[in-house]
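My questions will all concern the structure given below.
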């Protein structure tokens, strides 16, 4: 095992060997295996946005096997999806790519000011499908957040006991926040910190803007001159806010119109000490050869970071 | 076993042999046995609409044994009903037709903008009554949908562990949708996809109209020129949206005034790659000889499809 | 065992011998034993309306032993009451009359538009008190109905597993219904059907009026000319709506000013194919000798029906 | 054992010997032991009203041991308190006075129109602390009453299974009642009856006024000339309403300005056939010697009643 | 063991030796070990206020190991934090400082008039991390308080059964109280008393002001001349209200602008008979050498108190 992986595993000192083994499988898999960087393919957009919106642009992606293949061929670190998608390929692709079962999901057939998610899978499901971990979304800022934290806590306790890793999507939204506030630097750092305090091994947040949402936080950020001018600085702050870099934090893109803009973001994640990317729509909403080229560039940027 | 059944069972690769056996029993039963097509008789209208509205037109149908007989004589693939109706015939008709126990139900003695359903049966009930599977309704678009998804998830996990199949009625309704939107193409495809992601083996939706309900979806459908002009094309899209055809999707009729109109719909389901029909009121709300003739025609259309 | 009892037990073909034994005990007990008719004494009015309103007119009835004695002396088929009343006599009167433990109750110290009931006993209580069955009230039409159906389902499953019978009081009320609608013919038939679908062995409803509440139902009733002119015809329709007479349906009185009016109702129940009466206030709200005379007349009417 | 105690235990004919033993311990303890009368010391006012309001007038009462001593020295039948107070003395005073663990409590840091209570202890706690029984408050008239009845039912079932007695504080309040109605005769009798139906062995209510709250009840009370002119008559009615005297009903004081007024109330409880008093604030909100004198007078009045 | 520790342990007479051992570990640890005084370091501010607001002023504090080190080096009695922070150091610092796992937490990404907290850890977590106890926050005055009391009760029962201590943060807030009322003397005493009644071993409240919030309480306090003029007198009242000093009550600071003001408060806690301090932000929101000096002064004040 590489020194870097050994170092990262050392941060999770309270976990049992079963869970450390699953984290190691994720960190040692794919092109970036051993570097301490991760690129994860998540495909829950069919549930979250609808199948047509998600896959009509690349109809091959309607087939659940497509995403296993994409993750394998691109050399991704892992593949995360809801129950149905994993059930439809977990046997055929057994052992080919680390799997993360998303245990809660949300659809957009009803819009709410304060969203929550439905529980859509169990730790038992993750075990029987051979997954390395469970995924769970929380919505800090929503009036349902306290219940969601409690659900995550219970599932995470069970997952850790059964030797699985815990991956948390921490997405601020709800009546406690302005639209701009959902990606504010202070809010993003806060959301990542909450996930870490709830026991997450790996945390996924959106790339933060330079906006500061909360008055009390803004005062401190300004007084202490928290560097926030560049995206890399903001990534660094989020990493710092997550146990001073002792938890794995990965990022999804903000609004990026072009591939080059995405690559620029990836460089900022790398330069800010982020641990990688989770890239959904930019991966499967184009033809596979193009997707493979795109993912190769992302992976190369991260690979370069460790040389 | 026919090649086609073997192929369909192959799609459910994560299920245990117990569940595959039950799916095989359903797919191999009746006139269409072995063709991969299904015609299921569902009789929950007594609960859903009231006994008088459902059975006064054909009073023989007040007797729970009538529906077992109808399903057997017509050569249907299976018969689905709530607890009371199955308890009243499961011993007498043991082994004569695959049974699906509907585990939730709704009545119309109180109308709600955002409906839910009562839990009316258990997996344990399905086991003791010798059923091949459980049935469950979800209402995407209702503010109770997240709770319903969670209920389905828990029941489906138990059903699969105990070797049963999971059949989901996915009926969009509630404050998230316009009346027209309940059968919109994008919404129907979305509802079928959600059921598949929740782990359903067989999914029942209504026939979709050409309407597109959600703004973001409409943009994509129009940009990608998703074929939606004919009913067969719309069926094909729904099948595609359900794991690219790797889940069994069956349909109930839309508003059809005449038998010929129903048969036309069935041909569209067949031509669009749908897996069959679930036909309730058109079956039992007429005298039995007439019902048998009607069902024979439907079955013949599907049978022709595999020649 | 009489042929008629054997026939009735045959309808409950999915139940285990334990439950059939309890049903047989009820059907074979008292003056009407073996006829297939039932007259049950229910005394939950102390809880439902208050002790003064219920018993001041006949103070002997404050004593819980009074009702056991009344049921025994009158030759009733069974006695149904809440936990406290049964605990206060179940040992002294062990084996003298079949007991039904009412598992939920409601008081009138707070009036609600959409009522529910409190769970006031358990299946375990019914077992330890030597009861033949459990009783449970549902309120179709109330916004709490779905939860009540779910509670009944769970309790009924446990009761059946443990060899008890399930008796359901199905009382339409709540914001889904007009006051007149609570006893409408279509609504009463619907309420009885729901109870049967939820797995009840014995169903108790109020005598239906000729009113038709629901627009969609009224259209069908009128088109199909469902006979509803006489009370006996309306009873017959409710019996038909309850699995075509293959579930035991009993009735409580509507508004009857005189004993003769009650007897007239009983004749209508008998003539309409109803299975008997459940008579509370008319039994215990008069002196015992008078009550015994009254109940004797009711029983005689039913007894005549089977000659 | 005295004949009277044997008689009282006979009323609880469905209880197991474990519970009867605990009831016997309570009825045989203290100065009134064997008489069938009870004087219980309850001290939950620290939780219910705050420690300053409760104990500042007699600061020795801040110490939890004080109340054990007071109950022992006064020869009370038992001592009832919340978890913390009992934990703080149950070992030191083991075996010196029967203990009742109050399993729910309420504070006044937030006033509600429809109050409920928090669950603050368990049956397991009562067992480990050596208690003879559990205490539980219900609020008939509150919109939370149905849930409270259900909580009591579950706890009472467990308590009885584990050989404990069940003591219920039945306090009408909430939006279903006027302020005057909370102590109305009809409402008090109703509240006591509900507690008895829920399976309580001992019931505690407030002394009733002559007011009649509910229209339907008032009509019956007036028509049947229920005697209600004197306090003793009203006590007698409440006792009658509680299974015709076959459940132990005890009373707390109404508004009494002087000790003599309290003694007058006690004589009325005695003369009306009540089973005793539960006296909190009048006991511990004065210096101990004075409290002992006060309690001795109360006990003497009851003791005289059995000569 | 010192006589004082033996005395304090004697107050918890109903606890098992496992729990007493954990209380002894806390009371015997650190500079104040054996004196009966406690200074606890709590670090949940990252969760409660956000990481930037909490740690930007002293970035070393982003690292979870920092707080273990601070608690160890300062000779604190214990260290309390949420799950994530303890998981990140419990192995490395095993046995170096008694740990308290905070089992519920709250964030400020949504402000509510009536706050609650999310359950963020379990008793099982506390056991596997080697903690001496669990921590739990209640909000007397919030409309969610009854549910919070019930959660605490259940967790405390489990903790005590498994040999852990129970530490309760009792923070009045919510629509039942004015802003000033949150730290009023009567309210603070009440909040501490509720925590004691719920079975807490150690109670943490804020330093009380001289304000009296509740009308009924104010009348008693004024009539009984409860001394409240100095902070030491108010501390003494809170200690008295908590089982007359037979439960350990510790305090967090009120608004103190300078270190000297804090020290003055500590002297008042000492002089009023309080058991110590819980000091978060004043500890970790400055550089470590300065924090150590600050904590040394606080500890010295308490140490002087026992000479």
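Note that the chains take the letters A, B, C, D and E in the order they are written out, and that residue 1 is the start of every chain.
Definition applied: contacts are C-beta pairs under 8 Å (C-beta built on N, C-alpha and C of every residue); 3 or more make two chains touch, one makes a residue touch a chain.
Computed from a predicted model, the values in this text were never measured in an experiment.
Chemist: Would you mind naming the chains that touch chain B and likewise touch chain D?
Modeler: C
Chemist: Fitting on CA atoms only, what is the rotation between the copies chain C and chain E? Please report it in degrees, nearest 5.
Modeler: Answer in degrees: 145, to the nearest 5.
Chemist: CA centre of chain B versus CA centre of chain E: separation in Å?
Modeler: From the centre of chain B to the centre of chain E is 58 Å.
Chemist: On a C-alpha centroid basis, what's the spacing between chain D and chain E, in Å?
Modeler: 36
Chemist: Would you pick out the residues of chain E that each touch at least 2 other chains?
Modeler: none
Chemist: Line, ring, star, complete or other: which describes how these chains touch one another?
Modeler: Basically the chains close up into a ring.
Chemist: What sequence of chains forms the ring when you start at chain A and head for chain B?
Modeler: Putting chain A first and chain B second, the full ring order comes out as A, B, C, D, E.
Chemist: Contact residues on chain E for chain A in the complex?
Modeler: That would be residues 46-47, 49-53, 55-57, 59, 62-64, 82-92, 105-112, 116-122, 124-125, 128-129 of chain E.
Chemist: Which chain D residues qualify as touching chain C in the complex?
Modeler: It comes out as residues 11-15, 140-143, 145-150, 153-154, 157, 172, 174-177, 186-187, 189-191, 193-194, 196-200, 214, 216-217, 220-221, 224, 226, 237, 240-244, 246-247.
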